[in-house]
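Think of it as A, B and C in the order they're written, each chain with its own count starting at 1.
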C-alpha cells in the first residue's frame, strides 16, 4: 500500500501539524519500535521517556508534551492523542480494505423471502433464513447464519461463522466476531420429580447500534421478554450473557465474563475479564467491576468493586488458605482475648 | 398466530379452570407486564404481591394462593404452577414452529454411507460423514457437522453450527445449541525433554437421552475410554468438559463451568456458573456447588458447597486482601497472645 | 481393525519385550479395565497395586517395576512408560485413520489466487480466501475458513469449523480443534465523551510449529504488532488470548484460561484451568500457575503460584467470608492487644 502523507492525515482527522506535510508514513507503530517511516503516539504522560527516545518519523502528541519529541520528528498536536490514534487506525484500515464493491457470493443460501439490501455483501456459504432483513451496506462473512425474521442493521459487519438466530436483531454499524452466537435458548428448566422440564425460550435478543461482540461470545434469547443490549456496548470474546439480561448503553466487558439471567447492568459500566455477575441483580450506571470479581449482590452506588483472592507463592497460599477456613473461629478467639481483664 | 382458548389449554395440560373457557390469550407474560390478553403464572409465594396487582387475563396459580388473583382474572389452578408454565411454553412453542414436514436441503453434503431416517430434517450446508446415523425425527440445522460413524438419536435437535465429531453419539430428544463441539481431543500430552508429546485421544463421547447442551460448550472425547454424559443432563453455554469425565443423570451446570479431566460427578447435582472442578475428583449425588466455587477435593457428602471471595468496594478489598496474605502469621500472633499468662 | 503384534510395536517404538512377540493386542486400556487383548501401561509407581492385579495381555513398564506385573502378562520395558504410551497412541491412531490419499472436496470454495499444496486435503464447504497458502500435507476439515493471505504450515490439521482470519499464520505440524478463532480483533477502544471509539486492530497472529489449539479457543490479532504463540505451545479449549500477548515455547494452558492483552508469558510455563492473567504483565520461564488463580502482578521468579478461595460447606464458607470483610480491622484489634502491657 502507498504511504500516507502527514498533510493528508491532518486534513482528514484534524490536529495541528508541526512538520513537513509531504512527509509520508507507511505504518502506525508504538514509540519503542517505530522507525522513520512510522507514525506513533503518546497516550499517557508516563511514556514520556519513550517519546524522547523514539525513532518515529511522526508522533501524535498533546500540546503540553509536544516539546519532548526528538528533533526531526514531526508532531501532530491534538488534545486527545489516544482518541486521535483510534481514528487514525480506522482511516488506515479503511485504506487497507479491498476496494471492491458489494458482493453476493453465488454459494450463499438466501431464502427468497429474505430482504437483502442491494449494496449488502454476502459471503460464501452464508445462510439467510425466511423473512430475514439485511440492511444497506451490511457485510456478512463466510458461513454466517441468519435465522428466520432476524434483522441486521445498516453497515453492520458479521464476521465469518457468526450465528444470529430467529427473530433476533442487531442495529446499525455493529461488528460481530467469528463464532458469536446470538439468540440461543436461555437456560431455563422447571424441576419435575428429580428431572428437568424445559422452559421454551419465547423471547429474542435486541441489540442496539454501534455494538461490538467478540468471538465465541453467547447472548441468550429471553424466556418471555427479550434480552436487551444497549447502544455502544462492547463485549469481548467468550462472554456469556444469560436470558433477559439488560446491558445499558456504552457498557464494556472484557473477555470470559459471565452474566447470569435477568441481571440488569447499567450504562457506562466496565466489567473486568473473568468476572461473574449473578442473576437477578441490579447494577447501577458507572459501576466498575474488577477482573475475576464475583458479584453476588446488587450494586447501587457507582464506584470500583473488587473481590479476588491475592495470589502468592504456593506454599504461602496454602498456609493462608488453610487458616482462612478457621477465620470465623479466630475472630471469636480474638474477642475472647479482648474481653479478658 | 391465533390466540389460545383457556379451555384448550386445560384440556391439553390439565389443571382446574376457574374462569371462562372461551377466553383467549395471545401471549405468556410475567405478572408485572401481563395485560388482559396474557396468561401469567405465580411461581413463588414471594411474588404474591404482584399477583394481586396483575392485569393478566389469566394466571396459573397454586390452590392456596388462587384467591389472591384480582377479580376478573381467570385462574388455572394446579399444584405446581412453575412446572405447568414450563409445559405451557412447550405447547406454545410447538404451535409457533413452522408446520412444514421434514426437509433435506439440497446443499447438504451427506455421505452416501450415512443412514439418515426418512423423516429427519437436514439444514442447508450440513455435512454428514461416512457411516453416521441420524435417527427418526432428528433435526439438523444449517452448517451442522456430523463426523464419521457418529450417531444422533431420534427427535434430537442440533442447532446450526453444532459439531459432533467421529464416533460420538447423542441419544434421543436432545437439544444442542450453536457452536457446541462434541468430541474434540482431550488435552493429553506426555512431557519429553521440555517439550510435549501428544497422547492421541482414542475414546469418544457418549451422551444419554433428554440432554441439553449450550452454545459453544465443549465436551472432549476420552483418552482411552469414553467421556459419558448421563440422561437428562442440562449444560449451559461455554462449559468445558474434559476427557473421561462422567456426569450423572439429571445433573445441571450453569454457564462457563470448567470440569477437568476424569472428574466423576454424581446424579442430581447442580453446579453454579463459572465454577471449576479439578480433575480426577469424585462428587457424589445431590451435591450443589455455588457459582464461581473452585472444587479442589472430592466431595463425598451431599450438600451445598461454596468458596468465593466476597466482593467489596475496591479500597476495602485491597486492605483485606493485603492482610489475607499475612493471615497465617496473624494466627500465630493470636496464639502467642493466648499463651501469655 | 486387525490387532497389533507386540513384536511389531517394539520394532517400531523401541523398548525391550519380555514376552511372546507374536502375541496380539487389540486395544490400549488402563490397568484396571484391561483384558487379555489389551496393552496397558504403568505411568506412576503409585498405581503399582493395579499393576499386580491387571488382566492386561501386555504392559508398558519401567525396569524397576517390571517384576510387579502378573505372571503371563507380557512386558514392554522402557525408561519412560508414559511417553512410550503417548507414542503408542500416535502409532495406533495412524493405523486407525482412513487410508485414503489427499482429497479436495468439490464443494470447497477456494479462491483462485490461493496456493494450495497438491497433497493438502480440503474438506467439504471449506472456504479459502485470496492469497492464502496451504502447505504440503495440511488437512482442512469441513467448514474451515481461511482468510485472505493467511498461511497454514505443512502437515497442520485444522478440524472442522476452525477460523483462521486474514494475514494470520500457523506453522508446521499443528492441530487446531473445532470452533477455534484465530485472528479476531483485539479488544481496543478509546474513550470519547462517554462512548467508545474503535481502535482497528492492524496486527495479526503468528503461531509457531507443533502447536495445538483447543475447541472454541480464541487468539486475537495484535493492535499494531502481532500476537505471538511460540513453538510447541499447547492450549486447551475455551481459552482467551488477548491482543499482543506473547506465549513462550512449550508453554501449556488448561481450559478456560483468560490472558489479557499484552501479557508476556515465558517458555515452559503451565497455567491451570480457569486461571486469569491480567494485561501487560510479565511472567518468566518455568512459572506454574495453579487452576483458577488470578495473576495480578508480574511473576519474575520461577515456581508454583496459587490464589484460590478454599471451598467449604456453605454455612462455614458464609461465616468465614463475612469475617474476611473485616479482616483488616481484626488485624488492627490484634495489634492493639499486642501493645497492651
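In this section, a contact is a pair of C-beta atoms (placed from the backbone, for glycine too) under 8 Å apart; a residue touches a chain by one contact, two chains touch by 3 or more.
Not measured: the values here are computed from a predicted model.
*Asks:* Chains as vertices, touching pairs as edges: which of line, ring, star, complete or other describes this one?
*Replies:* complete
*Asks:* Give me the rotation angle that lays the C-alpha atoms of chain B onto its copy chain C, rounded to the nearest 5 degrees.
*Replies:* 120
*Asks:* Take the average of all CA coordinates in chain A, do the same for chain C, and state the distance between these two points in whole angstrom.
*Replies:* The answer is 26 Å.
*Asks:* Which chain B residues sit where two or more other chains touch them?
*Replies:* 125, 143, 161, 179, 216, 238, 256, 308-310, 312, 322, 324, 326-327, 330, 334, 337
*Asks:* Quick check: in the complex, which residue numbers of chain A touch chain C?
*Replies:* 27-30, 33, 80, 82-83, 85-87, 89-90, 92-93, 96, 98, 105, 107, 123-125, 141-143, 159-161, 175, 177-179, 210, 212, 214-216, 232, 234, 236-238, 250, 252, 254-256, 268, 273-274, 291-292, 308-314, 317-318, 321-322, 324-328, 330-331, 334, 337-338
*Asks:* Taking the complex as given, what residues does chain A use to touch chain B?
*Replies:* Within the complex, chain A contacts chain B at residues 109, 125, 127, 143, 145, 147-148, 161, 163, 165, 179, 181, 184-185, 187-192, 194-202, 216, 218, 220, 223-225, 238, 240, 242, 256, 258, 260, 276, 278, 289-290, 293-296, 303-310, 312, 316, 319-320, 322-324, 326-327, 330, 333-334, 337.
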